[in-house]
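In what follows, structures are represented as structure tokens.
There are two complexes below, and they share chain A, which is joined by chain B in the first and by chain C in the second.
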Partner chain A sequence: MKPRRGVRPAWQEPPHPLTSTAKAVAIVVVIALVAVPFLVVVSTSLASPADVVANGGWVIWPEHPSFAAYSQILAGGVVSRATLVSAGVTIVGTACSLTATVLLAYALSRPKVFGGKPITLLVLFTFLFPPGIIPAYLVVKQTGLLDSYAALIAPVLVNTFNLVVMRGFFQSVPAELYEAARLDGASEWAMLSRITIPLSRAVLAVVGLFYAVSYWNSWFNALLYIDTPTRWPLQLVLRTYVLAGGQIADPSTSEAGLLSAPQTVQMAVVVLATIPIVLVYPFLQRFFVKGVLSGAIKS
Partner chain B sequence: MSLRARPVTAQPRAARPTRAGVPPAPEATPRGRWHRRWRRDWILLAFMVPGLLYYAIFQYGALFGSSLAFLDYVPFLGLGGSRWIGLQNFQRLFDDPDFWHAALNTLEISLLQLVFFFPAPLALAMLLHSLTHTRLKRFVQSVVYLPHFISWVIVVALFQQMLGATGVLNGVLADTGLHTVQILGNPDAFKPMVVAQVIWKDTGWGTIIFLAALAQVDEQLYEAVAIDGAGALRRFWHVTLPAIRPVIVLLLILRLGDILSVGFEQILLQRDAVGPGAAEIIDTFVYFHGIGSGDFGYAAAAGLFKGVIGVILVYCANKVSHRLGESGVYR
Partner chain C sequence: MSDSPDLFLPSRLTGPPTNRAGLTAVSRRSLFKAIGLGATAIAAPALLASCGKGSGGSVSNAGVAKVPWPTYQPFAGPPPDLPGTAAGVQAGYTKYPSSLVSAVKAKPGDGSRVRAVAITYGTPPRPVSQNKLWQAVNDRLGIDLDFLLIPDADFDTKMATLISGDDLPDIISIGGGHHLPHEQEFVSSECADLSDYLSGDKIKDYPNLANLPQYAWQGMGRIKGRIYGIPLERPLPGWAMFIDRDAFNSVGANDASWTKDEFASAVKALSKNKQYGMGASKSNQFGLRQYHCGSFGAANDWKLYGGNFVRADTLPEFKEALAFARDLFAAGAYYPDTMSISTVDMKTYFYNGTLKSATDGLAAYAPNVTSTKGKFTVDLALPFHGGSATPGIFAGGGTFGYTVLKKASPERIQMLLRVLDYLAAPFGSKEYEFVHFGIEGTHFTRAADGTPTPTALWKDENTSVTLPIIYLAEAPRVLYFAGVDAQSVKRLHDWEAKAVPVAVKNPASGLVSDTNNRTGTVLNQNLNDGINAIITGKTPLDGWEAIVKKWRDDGGDRIAEEYAKEYAG
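For the complex of A and B:
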């Protein structure tokens, strides 16, 4: 394939060969710094336990690749359960968050809505003064959500940044469209569903993906609010068994546990927790540069 | 369902009967106007309900719950029943060397981040901006944004695998016959380590705002000074830097307001490996005193103190930036 070269502006002197080399080296180093850790983790998870042990805990390339570690963690033990919990919380949470955010952002984007100004100010104030961990914990306790999946969703239902971005985008929908719809007798609901939402697909996608990523990545709220380990999401399981060095105690896979070195299993958990992010990343990336950031910089 | 309420129509539903039995002109009284607005907007208010409930309960409920910093809080008695002790929690806090130690750690890490992490995205953005090869530029951008979306749990796991005792770095050092180094779990290396992790995770993401600013610099200015014989360095100093200064000031203000927050999740994950001496920050201090020891009032006092300082810092930084002729965060 022919690489498309951009054009150097006329006023710029041709780059010194030394500068070009330095730039090339810098770029290779930057890419390696990001990519190599992922490569090592994936390779280690795929390597045979014996190779990993022989090499001192890691490999850069699996000589005898096998999926033993993955079949072990996906065989229905702690990790499988936690993956389901994470997936469930992510899907339900994203749906709830997106609904609440769209509805509030739409209402606040309508000019002269009843109470619009004070509500917007109250919402923005939470940016400046977020509540601390202790009061947040006590509120969850008071509302009786402790140790329930709802505690992983309700306390983070609306993200103010996402709300502001979405409201800004909704405000840019031409007022004439609403005016015309109103003359045709359309309700606010009809305007939201037939005008605003179809025109805002990009921002809805970005905000939805942001919510999904943050639900998938969240572990601290689970540590704070969920006492029952069987209700833990994957990230908290990863933190407890991999980072804190606990063993994945699991009677159903103990036999396989003997066959496989823990390091390959641990790295397989890391990969499992990363995969969804890497999968949605291309979609995220396609939207966020133009969609979200244009709005964010303006506001 | 909710058509816009028209002032007076023949429909009985729209012409809402008043006590006198006569539909008043809607604009006549404040009450009438209020009614009209309510009828027009009630569905929008209904749209707001889920979001506003969230803000009322989990933001403002928790904000007012911060008042427990002034209580001798006993969970059994609750907020209403616990004894009001005024500023005693704060007094105890200011006399607590552990708290000041945590505050100092926080400031040290913040300062390290300001010096080493803050300029990193600008440098990388300059590098990316100078690439004329569009596809290469896009590719590098995709790669460097990715770590931002990876959770801290995974980032710490990656760092363990790379720099831990049995990690890649020490493996390579041992293979080449060099001394191995203890980076993770070493209290002396903890703070630089934390900053390195932030640099790894968020430098790429941070370039976005600088790239947007760099793209908006007027090309003609570059052309003009280049004709006047300015080299790359002078062009940077006299054109690029002034053009992106508002963005830099804005980010600095935001950073200053957040100077007491230095990656709570990140540090909580690694605190136990090095102990509180090197790794206790204000947020972990709050967490361990409140959730760990159940000393809720005391921990809430520490959290509230941090929040108030943050607001004051943002306010001051904003004032200063107005003095310097920048627009700052808000007016």
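For the complex of A and C:
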């Protein structure tokens, strides 16, 4: 339809005040939907138990702010110790995982590798059928890893999905490069370290991030394999704070009421667990986007 | 099971990898299927976990010779201000005893390493090298305690792996309302039979264990006629309805002998301006089984008719109570989100006056009193007269759980029993003081009147939350609460004195039904879902018969038969 003479198309007109207001309102509402829960989390973590009770559990603005919940968590050295454990497992684990994944992915990406196809299938099989909890536990136990930090790394050393992504990326390196290198007398090791790895920095960063985040976040393996509480990683320890005094559903269990108003502590835990990710994420976000895209589009 | 051993679930992050990722042979569709399969495989451990070890065969007590229960031998310690009764009224102490006695003669342990596993509701302890309490526990018990703690939420999963691993700890505490798959089969095949140490008069070698009341032993029950464990005693009344006494007084309600109409009009009168007369949480369904059923004279879970077991839910008193709760809900007397709020939230609303009553575990009394100090008087409601039957309260199992020992030589079993005997030293003994308050000068200081007052260190090092040795063995609980005034202690004692004589026991408590072990959880869930639907008005009251019939057909009748057989045997 032709626009009326003298009337400019909608996108050229200065916005109607009503439209502007509506837009502003919409933006404020959307921001509020995101920001208010954050505010509540932070405020509740800073509130006093009396504030929490007076407000019925959730505080928007603490009347008597205090860091009592944080000091309760951080005092005693349990959390700081667990932070060290988590950091160590994350750093060592990521390094080991990346090395193992690169080596395996490279081998499986090269054509005519002896046994390449059966091994690929074997790896993919674990992707489809991960072991159950008890078989995995028995393997860890039989290999003597129980209650050691290695139990947090070895069972999840190579993630099949990450391997498949990396192998795909390696396969996209032009075969001519390898041929040229081969003519110059390069060994497999030289080709991997001088050609494949330098060309694959993006995927290495992404897969490394995937590994690091999952090591940092994981708690379930520690629950199963680590018996000594002093070796628990941060997430498992923080989890006990969230669960403390929580649901006790049995009449014979009259343990209810061990802790009052633990909402402050729970929210402090949420804040503490979020901080590292909040600090790191803005700088690494672009890699995440790349990682999501790599393997998604055929170039 | 929220976190899988897999590091990343790919489908959340990306679309399925395509040819670029080197999956030439795998089509998009089949990969999706595969991911679905993977998810199934991740869910499978739950099923696997339910196949624990079992010796096979029944663990029933029917038709087998039964060893006698341990002889009850009460502890002769400082006399209480408010006497207890053998029936289950707890002894009350309004002040801390001025002179303590010794309940243990010699150091129980032999210095060896003892692995123990227990549930925890708290945060992990500091390592033993930095933990004065842990060091003292090792020293006084004469053992090197290696303590494995399992958070409440993960108890079932972790125990399933432990049991499957063939490397059991020496002391295993099972409790907190958790029932392991094939629990009795596991205990009877893998754990030590303690009958030869504890049954009858033999328990007198362990005087503090002999001080555990008989209802706790019975609540734990026997397996194949034998005693395998040591119960963790809890007061007989499991649940209570806590009320804001001032609010109930303000509407002229008096629970000394109230009828159902007086009760209903009181809670309705208190329900206005976003305040509600009835408070309950998702773990105690509208207080139906915890308060109303007893008031209507319903049976506690099961009723025994001349050797036959009938489920209380199928009887008319239960339906009357159900109809009563439904009417209260329709009248707006319940907090609208009762079905979904947690116990913690319910307490918060009770403390801030939104709720005028709260159905909760009896142990919530002391925290309730201290948290509402100066705001209102917390009291416990007596049951109302619901109909022709005598009103009562429901007795709990009398236990938190029980402790079993790994099979070992008789000497080692005796040593472990001596350790547990130490932990069970009764109130008024020096050992109790250590187990419950720690070391004088380090974990507590003594007030002028002798009352132990916890120091700041007790928050990080204590025996109930961070190093919960009280879940290995514990003295019978008494009414003594630090920081609670004498009048409040007396109020609870008065309530118990009236409530315990009308406490209705569950005749099936301590009996074994294989069907119940297998399917009881699912069957009860179906019943409870039906109850929720009826009280909230989603299902008509007449729908109850169909729900009950489904329960009977799905296995309820078989459970009743098995209980009857076990009871007769």
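In this text, the second predicted complex is superposed on the first by the 185 of 299 C-alpha atoms of A that agree within 3 Å, B and C clash if a C-alpha of one lies under 4 Å from a C-alpha of the other, contacts with A are read in each partner's own complex, and residues count from 1 in each chain.
Methods note: contacts are C-beta pairs under 8 Å (C-beta built on N, C-alpha and C of every residue); 3 or more make two chains touch, one makes a residue touch a chain.
This structure is a prediction, so every number in the text was calculated from the model and none was measured.
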Touched partner set for A:Leu243, first chain B, second chain C, both or neither = both
Ask   = What is the contact status of A:Thr94 with respect to chain B (first) and chain C (second): first, second, both, or neither?
value = neither
Ask   = Counting only touches as set out at the top, which of chain B and chain C does A:Gly76 meet: first, second, both, neither?
value = second
Partner chain in contact with A:Thr230 - chain B first, chain C second, else both or neither = second
Message = Quick check for you: in the superposed arrangement, does A:Phe114 touch first (chain B), second (chain C), both or neither?
response = first
Task = Would you sort A:Ser43 into first (chain B), second (chain C), both or neither based on which partner it touches?
result = neither
Task = Return first, second, both or neither, reflecting whether A:Pro262 touches chain B, chain C, both chains, or no partner chain.
result = second
Touched partner set for A:Glu188, first chain B, second chain C, both or neither = first
Inquiry  = I'd like to know which partner A:Ser172 touches here: chain B for first, chain C for second, both or neither.
reply    = second
Ask   = Shared contact residues on chain A for chain B and chain C?
value = 55-57, 128-138, 155-156, 217-220, 224, 239, 243-244, 297
Key: chain A-facing residues of chain B, complex   = 1-4, 37-38, 40-41, 43-45, 47-48, 50-52, 54-55, 57-66, 68, 79, 124, 127, 130-136, 140, 142-147, 149-154, 156-162, 164, 166-168, 170-171, 174, 200, 204, 208-209, 212, 219, 222-223, 226-227, 231-232, 257, 264-265, 268-269, 272, 283, 286-287, 290-291, 296, 299-300, 303-304, 306-307, 310-311, 314
Task = Enumerate the contact residues on chain A facing chain B in the complex.
result = 3-13, 23, 26-27, 30-31, 33-38, 40-41, 44, 55-58, 60, 99-101, 103-104, 106-108, 110, 113-115, 119, 122-123, 126, 128-139, 143, 154-158, 163, 182, 185, 187-189, 192, 213, 216-220, 224, 235-236, 238-239, 242-244, 266-267, 270, 273-274, 277-278, 281, 284-285, 289, 293, 297
Inquiry  = List the residues on chain A that touch chain C in their complex, please.
reply    = 52-57, 72, 75-78, 81, 109, 124, 127-138, 141, 155-156, 159, 161-162, 164-165, 167-169, 171-172, 210-211, 214-215, 217-221, 223-224, 227-230, 232, 237, 239-241, 243-263, 291-292, 294-299
Query = In their complex, what parts of chain C are in touch with chain A?
reply = 1-8, 10, 13-15, 17-23, 26, 34, 37-38, 41-42, 44-45, 48-49, 120-127, 130, 146-149, 151-154, 157-158, 160-161, 164-165, 167, 175-177, 219, 234-235, 238-239, 283-284, 290, 342-345, 347-349, 351-352, 354, 360-364, 366-368, 371, 394, 396-401, 459-460, 464-465
